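Below: one structure in structure tokens.
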Amino acid sequence: MKVIADLCVVPIGVGVSVSKYVAACERVLADAGLKTHMHAYGTNIEGEWDAVFNAIKRCHEVVHEMGSPRISSTLRLGTRVDRDQTMEEKVRSAQEKF
Amino acid sequence: MKVIADLCVVPIGVGVSVSKYVAACERVLADAGLKTHMHAYGTNIEGEWDAVFNAIKRCHEVVHEMGSPRISSTLRLGTRVDRDQTMEEKVRSAQEKF
Amino acid sequence: MKVIADLCVVPIGVGVSVSKYVAACERVLADAGLKTHMHAYGTNIEGEWDAVFNAIKRCHEVVHEMGSPRISSTLRLGTRVDRDQTMEEKVRSAQEKF
Amino acid sequence: MKVIADLCVVPIGVGVSVSKYVAACERVLADAGLKTHMHAYGTNIEGEWDAVFNAIKRCHEVVHEMGSPRISSTLRLGTRVDRDQTMEEKVRSAQEKF
């Protein structure tokens, strides 16, 4: 089952600047070979369900290892079985109707 | 790694009434032995990371098997390594300060 | 336009314990006369669109006034025009099909 | 109070293809003069609180007027009072630490 997800990891208890933790998660997702697009409030991720969720678990582990005692993430999570769809198609499809 | 999550599964392409799909997900979570609390816009889930995410994957599989061609879920996802915490404690802690 | 929402306010830069900020938001929502139900990962809110969103804005203002330099909230947001629905009905409807 | 938000509007009860509704929301946000960036699972929005939330309300109204009986949206919502920040800075800040 393929999934297109959108992940936003929020480390708590490490002060107001969280960009180094976000960067570490980008590294985890890249190392997992997943297709990603980072935007201003999260990261699009495309891949097989297990690969995506193993990487998300690794993000939490890494951010804790970096010293964050607490994390609150949010995730949007889309699957479909009627046809295959990519992140690029989703954007293009809306832009064409704009 | 323990997680407290909040899951909202939205089946797309099956009409306006989605409660039977929500009920099927509740069944999946209960069968997985997870601690849950259903509210008006999702379900709190408490358990070990892998057990929680195996159940969430199963929810998507079951809702697709029931005939929904597309699903868009949202998930909040909290982990902490400074101390153990339960769903009940989170609620009580805020209520005490009310 | 009536809305059923689910709000989770996460103050950033104030350490690991956030319950007093959550409690302050509960107070704001109660003072606004909104129907609410607090759970382990947010608060269900039912009311007219403008009343709900004025209260959510006030939550952010109050949490900043309490000393939090940064806030990252998440919101689920449901409207329907086919019929009226309450928070209790949403839960009951899924429970009946369980 | 300035806000950086991320909005994902999900029309329910109009079938599996939702791109024309997403495009209509993009039009609403553009007409409101807001700075936006559409990605594969939502749209970043930057602006003053009231302008952003008036536009989000208008998105729900327009999608209902187009025939969708029910909508379930999700929103991430960031405010900060310690300093000004733009969408571009948020992305660049994480990329520099990658």
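The first chain written gets the first letter, and so on, giving A, B, C and D; residue counts start at 1 in each chain.
Criterion: a residue touches a chain if its C-beta (ideal position, glycine included) is under 8 Å from a C-beta of that chain, and two chains touch if they have at least 3 such contacts.
On a predicted model such as this, the values are computed, not experimentally measured, just so you know.
Touching chain A and chain B at once are the following chains: C, D. Here A-C and A-D are compared, and the pair linked by more C-beta contacts is A-D. Per-chain Cα centroids separate chain C from chain D by 19 Å. Centre-to-centre separation of chain A and chain C, using mean CA positions: 25 Å. Separation between the centroids of chain A and chain D, computed from CA atoms only, is 18 Å. Touching two or more other chains at once are residues 8, 13, 16, 69-70, 72, 74, 76, 78, 80, 82 of chain D. Contact residues of chain A toward chain B in the complex are 1, 13, 49, 53, 57, 60-61, 64, 69-82. Touching chain B in their complex are the following residues of chain C: 4-6, 8, 16, 19-20, 22-23, 26-27, 37-42, 44, 46, 74, 76, 78, 80, 82, 87-88, 90-91, 93-98.
Note for the complex: chain A touches chain C at residues 8, 10, 12-13, 15-16, 18, 69-70, 72, 74.
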